[in-house]
Every structure is written in structure tokens, then in C-alpha cells.
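Chain lettering (A, B, C and D) follows the sequence in which the chains are written, and residue indices restart at 1 in each chain.
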């Protein structure tokens, strides 16, 4: 990643060539200037009004500005490179693979032969990257709202560069992915919701409603199709914010709904995802999962395998109880919101 | 002014009326004075030099001072009452049950008929509380180093009061629990290590060594006996600190070793525990676990049941790989330490 | 305050058995429990939305709750004992003498023979303490809104205990000190405004208005009488917030207006005061000031003397220019407010 | 994307149009990405172990790296552009003029006709800028240790650009300014010490010693020559750290020594300077000072004038007492150090 570093430096520090010359010679980042015996530059995420997640920033690699939000890629002390949108941690080099492997592979593995996949959001490119690992996948339609975020990630997130270049990826920039999904002639084997959490005034909460799932998502799924979405924080203290409500809403629309969760350190919480279908999502054995992953994917996964999947599908008693007892249905009128949690998605509409 | 206090407290305490009751009894002003439109008093835990976990403190309920450490019970914004030892979060009202249920019940459930249990550390009382839920348990010997911590928790942690009063509990204060355990005439069905993490200069690291496990712990176990210990952070980014090393060390001493982990929000990480025995720790089915919990325990658990146990025993691919590849054995010469992680134990020796 | 101070220190610095004794007696100990190798409990004052003043808290000495605000006395790392009202630093043991000597003595020294003094606010007691040092003063009327703050400070601020006990002090608790001042039969040689800064929604901004100065304050002054008020932050970056406006407002009402300022470290800013009268406030020489202080006061001052007074009356070019150019007049309609600056006053109305 | 960037910048820069102009020229994205409803990127200066000065950073403008230290120019919320060396605030756009006007002009004004000036340190360029305002000055020799800092400031501190280009400035880069000053054939009318505070292990403490003042500085002064140096924090709580010691040390070497001080907000403290000479530093009247400034300088000053000078030369009673009572003499053996205070100097040797 040294190259990126150098680019980052040159890009960010575009001061006098002299300065850069110096930096080059010494061959490391300029923003070291912000580091001393103890860190002096800190990124502070306000998880709740009374809870903060604070980590040091050693370098600001790239920054940009879009119609919808501000964008930055920084080098953090504990989490390596971190993508920040509008001052919120979106994705960290150190553990984004946990979020994205958990979002993508369970749904695709549960499908017998996924060929067409639609991604709502996902501008970062990691969701497309994981989806394209599936040899069976012939076409991925990804619809994100934010051209600048997509361009930014395409340019600077080297791990997703190949995915962005894939001829199996059909990238649509559209600030109305609801309409976009609606007007698709194709239907899909798997639809993946990689959207920002529903935040008050945010653009995404309509994409978590019963009517959207009923009238749009479900209509674009092939028979046997599977829908999966990120579903916000699912920790033992935070799962009541929106996770259980999204779960109960999906249960109004789909016959089979499977919630799961895993701890993502850089989010400072356990994160939740929910898989839904009208076909039974029959539990796969550890062996079956491992063999499907082996046969269907190119390359190895870092987080997910059969045993991991069994683990993340097993929710603890507290969370299961709240899920079972949830009666709230998510509509535009009854929308629930969460405080500024870090989430690994870019905006979409 | 009492009324005013009560109002004040009611205003700022999210606690149950029971909480208020407690406060009333102690009858002094809430540190509401430290709250304004925004929190002004913050507890900062330095998880790593470049990572901080910061939460608001609305009230300092009680404080004490022992020969070994400073003690405080505070009301926190996000985690309710929090026990702090030497400036480190030890246990939080909101989620201590996750830590303590996970520490105690898997080992006792895997034992056919646990009668005698030895707890190293555990001064807070929660580990004894969970152990005493087991009707089969006739005698619990708990050995903690710190009389003041024990007295403090006995006095102020109302949820553990009953446990401290149990005539099945044999409480020993001894700053050499190594010697204490050694000189025990009894042997035990289950030995529980509820000790502080090995911190440089701390008193506990000797209690994580191969020789201690070999020469002391193993000798005090009945045949078929099970040893379980907290084993530090086990998150996907932190499990390499000491968790894998404790695991590999136990494998040098016991025939069967089972690591498991769960996210504890107030620790801002996933936490690890390890169970070890010379008898096979045969995997219990969900049903068998649930029925044993139902038959053997008084009262309901909040976190743990059959499905939860399956989940926490299933580690993800990354962690399993590091565990499998670990070669470090923990001796007094090769001790590994961790940065000041929050941990739910009091000191012991 | 010395004694308590010493005990307090002994208490939280080293845990002597005496401390433990104390701990038991009080039923709660030094918050030493919150201290570790590095401070873990921090008081954070938000000076501006983008600027924070953060200091460690080692001990919470006393807390209370009033009809109007929350009250706390804490031991801070850098500033010794600190009085906090509604989460804002009000007064610090280490440097409150700067604020209070600068508020009180210049006005009294400029008066030929001050006998009767009225204090608006000042519930902390330090302003009365300094005023009562003047042998010529026969009667001090102090009117504060908040009985609990007054009782709290009387009980815990040992350095002001004597002042509170003085038979020359006439203490009035009244939530309408405007009315209170109005209905006073007496008139006064000096009126001191020791009020909270005008904060949006706060109770005090009416007490900084032209009409209040015109219709109330001026009417209660004897001929030759002097009015002095704290006037908010007066630093080179902050003096435009309210200081220049209060100055210009007083100029509409009084013939002679003298602004001055001094840095108060615990406020993290230079603070401003303004003296006003219809009699010329003729500049006193260093020698004259020193001799008046010597003759008229009991005890020595720590901050103020002739040379100091010359210094604090000399404002820098930037501040003088803004003062000269200020056109804003403070009325209830045109009120200006400041962000939550620390200020050394208790509420008053 | 350029336009978007510009907009972004305009949006988040509070800077003057000049600032924006500069930013335009560099034409790259504002770190607006790091700003959200609330600031998320913070610069934290540890003033003491228990006291922090924390301000938001909205943009990192330029960074570099030198043989001696890391360099950064950032846009801060409260203080505009801030120069940071090795993670410490060095100089802030909002108030650097206070520090530099106070450092330079009193000494030059007290000299009858300053022609040759030597600056120790001052790599930032602001001290040279202020010195060159004096028409009488024919030659300024500035000796700084750090070529990269000088190049960086020359390139990016637009307000000092002209000074760096002056043909009256003789810039020497030398990591032994002691030797450099020693070997100067010329002697000087004024020597200015614009050096970093003596920090343990820092390169500068030898330049505050009696022997250096005696054997080097004094020897290079013309008769009637004046030496002035920054002298560290001089607040009522901090002046005992090094200020009084430097004062007492200079008194061992020079017949006449004049200490003065002023609050510099971005340093979160009052700062100290000391002027010394073997010729009487006769006090100048306000009028005389104003007329000398008017006659001798090009352009207007923002902070200093006759009245300001009277004010900053007047120290308060507490500080004067400590100065008078100080017995410590600064030698390499008895060196005193301060915690990491922000200071407006670059390194020098």
C-alpha cells in the first residue's frame, strides 16, 4: 500500500515540490507532523450524547466534497485507513471485511445459484467486491446516490479497485434508487441493502419501510430470491434502537426472516444484518457452508466460514427475546431513528 | 433538602425506583450538580494509547480506598452504575450479567454435578452470585486479595447482597491466593479464575502461567473437574494480546481446552473465556443445555441459554486461526501484558 | 479553607488509615478511587462549540441541588477546589482571588469613603468577603437568588465563612433582586454587579440593560456613588461578545465609565470588569492606591496593588478600538449572549 | 470537482477572502469531510498532565517533515490557521501578532537607533517581519536550526512572505546558533531570543543559561545594546515554571532587566518576555512610545501602542513577588523545564 501512501502524501500535501521532496526522501507521511510523543489529533465519534469513541488520526490521506456529504480517508492509530463521511466513521481498513463478508455471503450462499444481484447503496465498493467473488454472479447492479463518494472510493480504496473495474458491475448513480429499483426490467436473485442507518432527516429511512419492502424490493426478487440488509446496531444494549423494528417489519412482508449479528470493533458495537425470503432459508451445516464457499468463491474469506456463520446466526437470549416481542412496524409515519452510529454505508435513495 | 435531592435524582437517574431507593438510603446529594445541558463530567478509559472509550458520569455514588487500589461506584450515562477500580471500569450494571453468566455457567453446566467451587478473585461478588444459583453447589470458596473491595461491594452492590450473605459461601481474604489454593485440603469440581488481566507490574500475571496451572490449579481439581478463566479481550483486533497465549498455555496442561467469547459493550470489546479439563468437554446440544439450566439453576438467566452458548462457542475464522497458530506459552519469564483494558475482576493473588 | 484543604489533600493523595477511617465515617471516600496512573475523570467546559477547556477531577467534595441549579465542589488537578454550578466552572481556589479582588477593590478605592455597599448576586460569598475587608464599610446588602447556593457556600467554602458570619452583612434571598434593589430605602456608595453572564434563557440578561442601569442602579447610588460590574470575557479574541456592549450601554447612563481586565487562568480567558459613576473616576497614582489599600483594608491582598491596578486599567490597542467603535446598546430587545463561559458568579434576579 | 471543492471551502472556511484566495490557489478539497453537525476532528494540547486545551480542526492545509521535527499548518475552529510543530501549537493566525509585537517592538523602541538585529530562532518568519517594520533596521541576521521549517513557513505563511524576501534579511540555517552567534564579526544593537521553551531533552535549554548570556549574547551586543527573549508562561499560576528563573538569571548578567507579559489566547495562558541591557531601560511615556512607533515603523500595529506597553510592563503583585524572591540561576546543571506548553517559536541551537 506504500504507493497509495506516497500518492496520498503527494495529493494531500501538494505544497512546494521542495516540501514534498523532503517528505519523499524521508519516505513517510507528512501528517506525522501531527504526531508527537502522544497523539495530538483525535477523531471523536459521538455514539450517544453521553458516549464517545475517540481514536487518534496520524494522517489525512485524501478529502473530497460531494453534493450530499463530505468525504475523507484518514490514517487512524487503531484501525488503519478509515473512510469518513460527514464526520462519521464509515469503514475501517482493519475490520471492514467483517461487515462486508457478513453482509454479502450468507445471502448468496443460501441461494442455490445467484446470477443477478442488486446492491442498494454500497458506494464504497466493498459490497460489490465481495459479491463479485461469487463465480455464479453474472451481473451486479449497484445503485448509489453519490457520484463523488463512488469516484473517491474508486480512486483511493485500492482493495476495491478491481471490483470497480469489473465488466460484471453495472454502476448507476441515481438519487432515487427507489425509482431506480422499481423501473429495473430485470429481477434479481439477491438484493442487498447496504444503506446508511435511518437517521432523522437522513435520506434513507424510506428504504426501511414496509411499503418499500412490499411494493418494490419483493417485486424485483426472482422466485427463491433473497433480500438481505444491514440493520444497524445489534448489541445487547443497542439492538432495540432499530434492529428489532426492521426485523419485525420484514416479517410482515416475507415468510422467512433470519437476523444475525457480529461485533465490528471500529463501530464500537455489535452490528446486525437481516436476511429475508419467501423460500425457506434452510440452515446450512458447517460443512455445507464451507464447501459452498470453497466451490463458489474466488479467493479466501478472512472472517466468514461455516463455523463463523453458525456463531453469528446464534443470537443471545436477550436479543432474541426483544426480537420476538417487537411489535413496531417501520413505516414513513412510524420511522425510528438512531443516534450517529458509525455505519459502513454510503448514502443512497 | 431530601425532597429536592429525590427530585434531582429522579430527574437525572435513569435507574429504577429501586435505584432511587438505594440512593435515598445513603441520603446525599446526587452529583446532578455536574450535569448541565450537556455532560460536563467524563470518565475516560484509555484502551490503547491511541484509542479512548469515554462516557459521561452523572453521579458518584460511593468511593473507598483499599490497601491495593481505589474504589468507586458511579452512575454513568450509558451503562448505569459502574464499578471502577484504580480508574478502570470493572463492571457495569447494564451488562455485567453478560460477563458473569458467560464466566460461570458453561463450566458448571458441563460438569455432571458440581458441588465444590473455588473462585480466584471475584471480590465484586457477581461470580459468587451466579455460582450460587446452582442448587447442586454446596460450598463456594472465594479468595480475593482486597478486603475493602469486598466490603465495598458487599455494602453497595445490592444485586450481590444475597450472595455475600449465603452460608454456602466461604470468603477468604488473602493476598496470596496461590498459597491459599495450594493449602486447601479440599479439592474442587470447578475452579473459576475471575482475576484482573495480566498487566505489567500487576499482581495477577503469575496466575496465568503454565506452572501455576500445572502445579496448583490442576492439583486442586477433582477428577472430572473443570477449570475456567476469564482470558482478556478476544475481539477480531485484540485477541492476539493475551487470549491466544492463555489458550495455548492451558493446552500444555489440560487435555481438553475450549475457548469462547462474547461482546461486552461497556468493555468496548469482545471478551474471552477459556474452559479446560482432562475430561472431554463434550459439546452439549441446545436442548440439553436449556434443560440443565432449567433443572439446576434457581431463577432465569438473562444472557445465556442453549442457543447463546452455541453462538459464543463458535469463534470466527480469524480468531480460530490465531488460536491454532499460537505457540507462545505463558510463564513468569515470557509473560505478556495488555494495555489498560476494562475488565470485570478485582485483584487477587 | 486551609484546614479542610489540607485534609482533603491528605485524603485523596495518600490513603492513610486515617483516610479509611474518614471513609467509613462519611460513608463515602475520597474520589481518589477515580485516580490512577493517569487521570480518568475529566471536567469538560465547552467554551465555544469548537473549543474545550478540560481538567482532571480527583475528588468530588460536596454536591447539592437548588431550585435553580445544581451545585458541586470538586477537587481539580490544576485549580484546587472548584465550585461548579450547572456544570460550569464558577470559581477556583487557585485564582478566584484575582477575579474578586479585581471586582471589588478598584471601585471601593476610588470612592472617598464607602460606607454602604450593595452586591447583586455574589452568593459564593467571596465578593462580600473582599468588601468587608474595607474598615469604612458599615453595611453590606447582598441579594442572591439562590438560597441553596448560599447555604452550600456558607457551609463548605471555609475561606468565606467569616464573611457570612459578619454582622455587617445583610443577606437577602430574593429571586427578584431588581425589585429588591428598587425597594431599598437606603442608597449606596458602591453597587457591585456580581451576576452570571447574560446567557440565552438565563435569568440575568435583564440586569445588564440600559433601563436597569438608568431606572434602578443609578437611583440607588448616593451622589459620588460608584457602580462596578463583572462584564464577561475581555480577551483579544472574545471581548466583542458582550464586554464592549456592556461598556457602551453604561456610557449611555453614566458620565464616567472605566473598563479594565485581567487574565483568570481557570476561566481560560482574560476577564473584564467595568466601573461607572457620574463623578470623575480620577486616576489614582500607584502610591495613592497602595496607601489607600494599606489604610483602609484589613489584611493583605494577593493580586491587586497600585502597580497591578495601573496594569489592569491599561487595555491593549485592539480592545480599546473595539470599545471605542461599539455602538450596540444593551436592552431587553437587543440582548447579546455568550456561549457557556466559566464565570465566577451565582445567579441573581 | 474543483468547483465543488471551492464551494466546500467557502462553506467551511471562516477565513477572510484572502484566506479563501489562498485556498483557491492551492485548489484542493477542504477537510470539510471531517466536519459534521458537530466537530469530529480535535487537536488536543496537553498543557499539564491534568489540563488539556482542545480545539477543533476543520482542515489540514499543508504538512512537512524536517530533520528535527514534524510540521503542519491546519485550519482550526477558534484560532484560524495554526502552525503545529511536533504536535504542539506554535503560532495561530488569530493572535500570533500579540506574541510577536510584544517580543520585538518594546526592545527596538527602547533602543535609540537600532540598525543591526540578530534573531535566535524565529524560523516562522513573524519575528523578522515585525523587526523589518523598523525603518532604521538595515540588517537582520536570523539563525534558525531547521531548514524545512523555514522553507515551509516561507512557502505557506503568506503574511511573512514579504519578510522572507527582504534583502535586509540575512538568513542562516545552522544547528549551532550558539557558535553562529559567537563567530559573528558584527555586533548588534538588539538581539532577540525567539526560541522554544526549555523542554527536557529539547535543544534549547542551553540558550537560557547564565554562561550563554554572559559569554555569547553580551559579547555580541553593541554598547547600549538590548537583549530580549521570550520567557515562557507567565500566568498567575504558571510563572514559577521558568519565567522567574530566566529573569533572575538575566539579572546576574545585565544591569537592567525588565520583565513583561500578556495573555495569548491560543496558548491558553499569559505569556512572558524579558528585556535586558547594561544601559538603563528608561521607562517611555505613552506619548513617547506612540510617537516613536509612528515615526519608526512602516504600517500600524494591531496590539501594541503606548498604553498597551504600560499595561504589559505592569505585572501583578503575585508575579512581582515571585520575581523578587527568585534565587534560582539557570545553568546547564540547574536547568528547569516546563511541560509541553504551546509556544510560538521554532527550534534553534
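One rule holds for everything that comes next: a contact is a pair of C-beta atoms (placed from the backbone, for glycine too) under 8 Å apart; a residue touches a chain by one contact, two chains touch by 3 or more.
Because the structure is predicted, anything quoted here is derived from the model rather than measured.
Undergrad: Treat touching chains as neighbours and tell me the shortest step distance from chain A to chain C.
TA: 2
Undergrad: Centre-to-centre on C-alpha atoms, which chain is most distant from chain D?
TA: Farthest from chain D by mean C-alpha position: B.
Undergrad: More than half of A-D's contact pairs recur, by residue number, in one of B-C, C-D or A-B. Which one?
TA: Repeat of the A-D interface: B-C.
Undergrad: Taking each chain's centre as its mean C-alpha position, how far apart are chain C and chain D in Å?
TA: Averaging C-alpha atoms per chain gives centres 33 Å apart.
Undergrad: Could you give the separation in Å between the centres of chain B and chain D, each centre being the mean of its C-alpha atoms?
TA: 53
Undergrad: Could you give the separation in Å between the centres of chain B and chain C, each centre being the mean of its C-alpha atoms?
TA: 48
Undergrad: By the touch rule stated above, which residues of chain A touch at least two different other chains?
TA: In chain A, the residues touching two or more other chains are 38-39, 42.
Undergrad: Touching pairs of chains, all of them, please.
TA: Pairs satisfying the touch definition: A-B, A-D, B-C, C-D.
Undergrad: In the complex of these two chains, what residues of chain D are touching chain A?
TA: 1, 4-5, 7-8, 26, 28-46, 57, 60, 62-66, 69-72, 74, 84-88, 148, 151-152, 155-156, 340
Undergrad: Can you tell me which positions in chain B touch chain A when the two form their complex?
TA: Result: residues 38-39, 42, 48-56, 76-79, 94-95, 98, 235-238, 262-263, 265, 268-270, 301-305, 307-308, 310-318, 320 of chain B touch chain A.
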